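After this come two complexes, each holding subunit A, first together with subunit B and then together with subunit C.
Entry: the complex of A and B
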């Protein structure tokens, strides 16, 4: 989203270019040497900073860059270029893992915008779910106590939570679009705040489902 | 983390675990959740409609030892109090009694919230503020 003027200045051949495209390219347009890779995933993949992205295009770029960055191509190159290629490969793989997954992607953008997110605890009980969560815990207790009669009920509860997950994903998708369509920073931040809330609920429900699965499997084992 | 003996005692021998029929008009139910650790706590009071005295209390908590101990203690504290007196119960009393460390104070806050939620549920069910006849 930033439009600060960047310039390409090749470390190898010393050539300059004021074009943004040259500045963003991994390779020098004059001598074709690998440049210092950007740690910014969006920039690395030459993507606009949108939350909705074209999965197929991303995958194409990933394959293409994997080929361009293959270590075999740098074995006999300048040490600096070799190091850049290793760095770039790491960014390529991490970035692809993050960008292809809507949840990780959103977390990445949130973090970049100063939001606290991620794997740290965020088990906040969504108030509208309290009743359901309580009932679920009761059933899990009964299961642990050896009462297999609750299994059908647990399966039903699991289905309900899975359906919730689906509708959360739809919600997330819609919020991605409104983030991408935001005209100003205020609207964009408001949208990111909403996204963080959605992710929060999503993680909570995901954890519940995982817990049900864990208990059901250990029961069947 | 080391739990205090009192926490362990309530955790190992929780008092008043169980539930009342929440549809019963004499029962107030509070269901609360902790933002910090995902605990879910249900606390119920059985109120004598003539005196406004809490005759019995039950709880069921899913969460850490401190959350269970806090709600267990809360049910003990509630019994015999009028609902007005019960509203004055502060989480700090629970903290002190159980010697909760700072990182577990939110568990006592949750218990206080559960008490308040149960009382307001009872009051809501019974229309007006319950009779304050039995002011001790």
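Entry: the complex of A and C
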């Protein structure tokens, strides 16, 4: 699918958009019918490619675009326009889900830049956590063996991991800013590499907390 | 649906109905100038019990209140609570079916069929009978044919259950413009004249299902944040508790086991429901049954009743807490709670809700009607009559695919705003492979065996290439009805890839088409029958008026030939009265009307003269 202005003709009235901005618009500037939507979330939300995002503004845009695009608004329209409305609203909702969450947003940008992100890599223990993880596994084993005395220690470990999560989120925030401030591609890619590392650690800790929660609830049940 | 519209000569109404297709009762509503209103049946009743019975001659279906008595007299011809069976397979409901007197027809392995008299019907076909009744009620109330509707479903309904509901609509001759989740619909009805900012929780305890939804209201947008529920928890379960003790009691009193006698069980069921309803208003009620020449009576206190159902009420709380967690909110952040469903009249239920959400639940709208009213609002949104409101709903269950080792990989998570989509790239693993089979599941668990199988999608006619060379991007799209569609394309060629759908439960498109056709023939038949019936009613009116007029002095004042003309017209009308052509009847009504003009004038004159003489008319 091409988005260059030369090729963008309205499917309904056949007019072609003169300016690039108009060509990117979801609606034909001549007949106002809905056009095939772009699957790029940043472009869809008309946002600059930054990692730091104004949550409030994003939500307002989401509501505004929902009003314009939702299939409920196209009940009595041409079938092609109805399909575009379904497609566009799916992209709107998928995009909003991704962009409003800093982790998913960062993963999205990483993927767009050719980085591999995913669960497969989350099994490697980040080296700085080796000792903590070793101790935690011992405690979980004891709990499984029926030793409830270990529960207070587990609760403490859980709190420590939660605190780590908080500091990771601060770290992520800072790295987002340096990514957005990067003046050249080299600096930007370096920043993305750092972000990937932070996300990996974050995912690992998140999984640990979930595991502790699971064991504790199954113990209580 | 075009068929249907063409049949009415393009006069099909633009009105869109809002339908609450409930486990126990169903309602139809529409938006008039003042707001949403429930449409009553010709006898003035707002609720149509979701009961369908095949007539003794096997030619027609009896629906609603008229079918209720037949649950006792003709249990083998009658079906109720069919909503519990929608979108489910025979093996799937083996445990539950024991509670129902239904007979599952043979050959129900792939598609569940119920035996009614000498017919077998799928659950969507049974539901379609209820829908046709609602549609007919609406048409006679509005005085015009209607062909489009919004139908509500429990928020926690899965894909197959939603598809089955949509099928039922099609079979009933209705184009289903949207399936709306019941609690969300309720919030629409409620939100019309209420506060339009804030967070509300909708607690919906229906006849057979329980839903909880948390919504944020913002400038006319109703955004569902999270939903949860249990599709096998409802007022029926409460009835069953009372039923169990009453039947056990009566069995020992009467010295015979009555739990196996369908007729007796139905009689007792109706008695305990009456007692349950009384207990919402009185501290004590009585269960009274007469059956087979015997009578049974016992009183039950509200305290005892509450101890019987406490665990059922408690079971609704876990989904509430999960929905709160998923919405990222605490109970104190809920501004208002709305109650939906007849069972929320039970004081213990209200108490539980009040305690959990720390808010006084709203009860100003009738909990039996609020869902239908909301469906009518959504219908008006779709038809463009209402423009300042918009519903953003979510998918209640995560959607995933089977991967290596029987594990489910989730692609779209529960509580994602719909429409929602996800893409996944599949490659071939063997040289020359021409098929890829994708198994799609719904549910929150990790393993395939613990999730619900939706369908298998067969990517066919793949170019036979060395393993790994072909890459196919598959797109999963959940539409605004919560129903999944799958499409695929070859990444290398960009060519659209054909996908064959094999639903795990439910009907294929071809099966539904056949049922639509069959019911269309019947719908036309029904429509004609109704026109004839209406003409006959009109004939009755004029015939009885003429009969009365003949007793009047005026009749004797007419000339002989004038009297003969009237008599002839009466006889001609009587002759066509039983014809199946309503036009013929209407035509003869018009002639009789014409023939009696002189009679009417003479009556008027004598009445005036009588009045001048001071006598009573």
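Please note the rule applied: the second predicted complex is superposed on the first by the 210 of 221 C-alpha atoms of A that agree within 3 Å, B and C clash if a C-alpha of one lies under 4 Å from a C-alpha of the other, contacts with A are read in each partner's own complex, and residues count from 1 in each chain.
By our rule, contacts are C-beta pairs under 8 Å (C-beta built on N, C-alpha and C of every residue); 3 or more make two chains touch, one makes a residue touch a chain.
These numbers were taken from a predicted model, which means no experiment stands behind them.
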| item | value |
| --- | --- |
| Clash or fit (per the criteria above) of subunit B with subunit C on subunit A | fit |
| Angular separation of subunit B and subunit C about subunit A, which is computed from CA centres of the superposed model and rounded to the nearest 10 ° | 110 |
| First, second, both or neither for A:31, with subunit B first and subunit C second | neither |
| Which of subunit B and subunit C A:204 touches, first, second, both or neither | first |
| Which of subunit B and subunit C A:138 touches, first, second, both or neither | first |
| First, second, both or neither for A:93, with subunit B first and subunit C second | second |
| Partner chain(s) touched by A:181 [first = subunit B, second = subunit C, both, neither] | neither |
| Which superposed partner A:127 touches (first subunit B, second subunit C, both, neither) | first |
| Lowest C-alpha to C-alpha distance for subunit C against subunit B (Å) | 9 |
| Complex interface listing, subunit A residues touching subunit B | 121, 123-125, 127, 130-131, 133-134, 137-138, 141, 204, 207 |
| Subunit C residues within the subunit A interface of the complex | 177-178, 218-219, 221, 378, 381-384, 390-392, 416-422, 477, 479-480 |
| Touching residues (chain side subunit B, partner subunit A) in the complex | 31-40, 42, 60, 62 |
| Contacting residues of subunit A [partner subunit C, same complex] | 63, 66-67, 70-73, 75-76, 86, 89-91, 93-94, 96-97 |
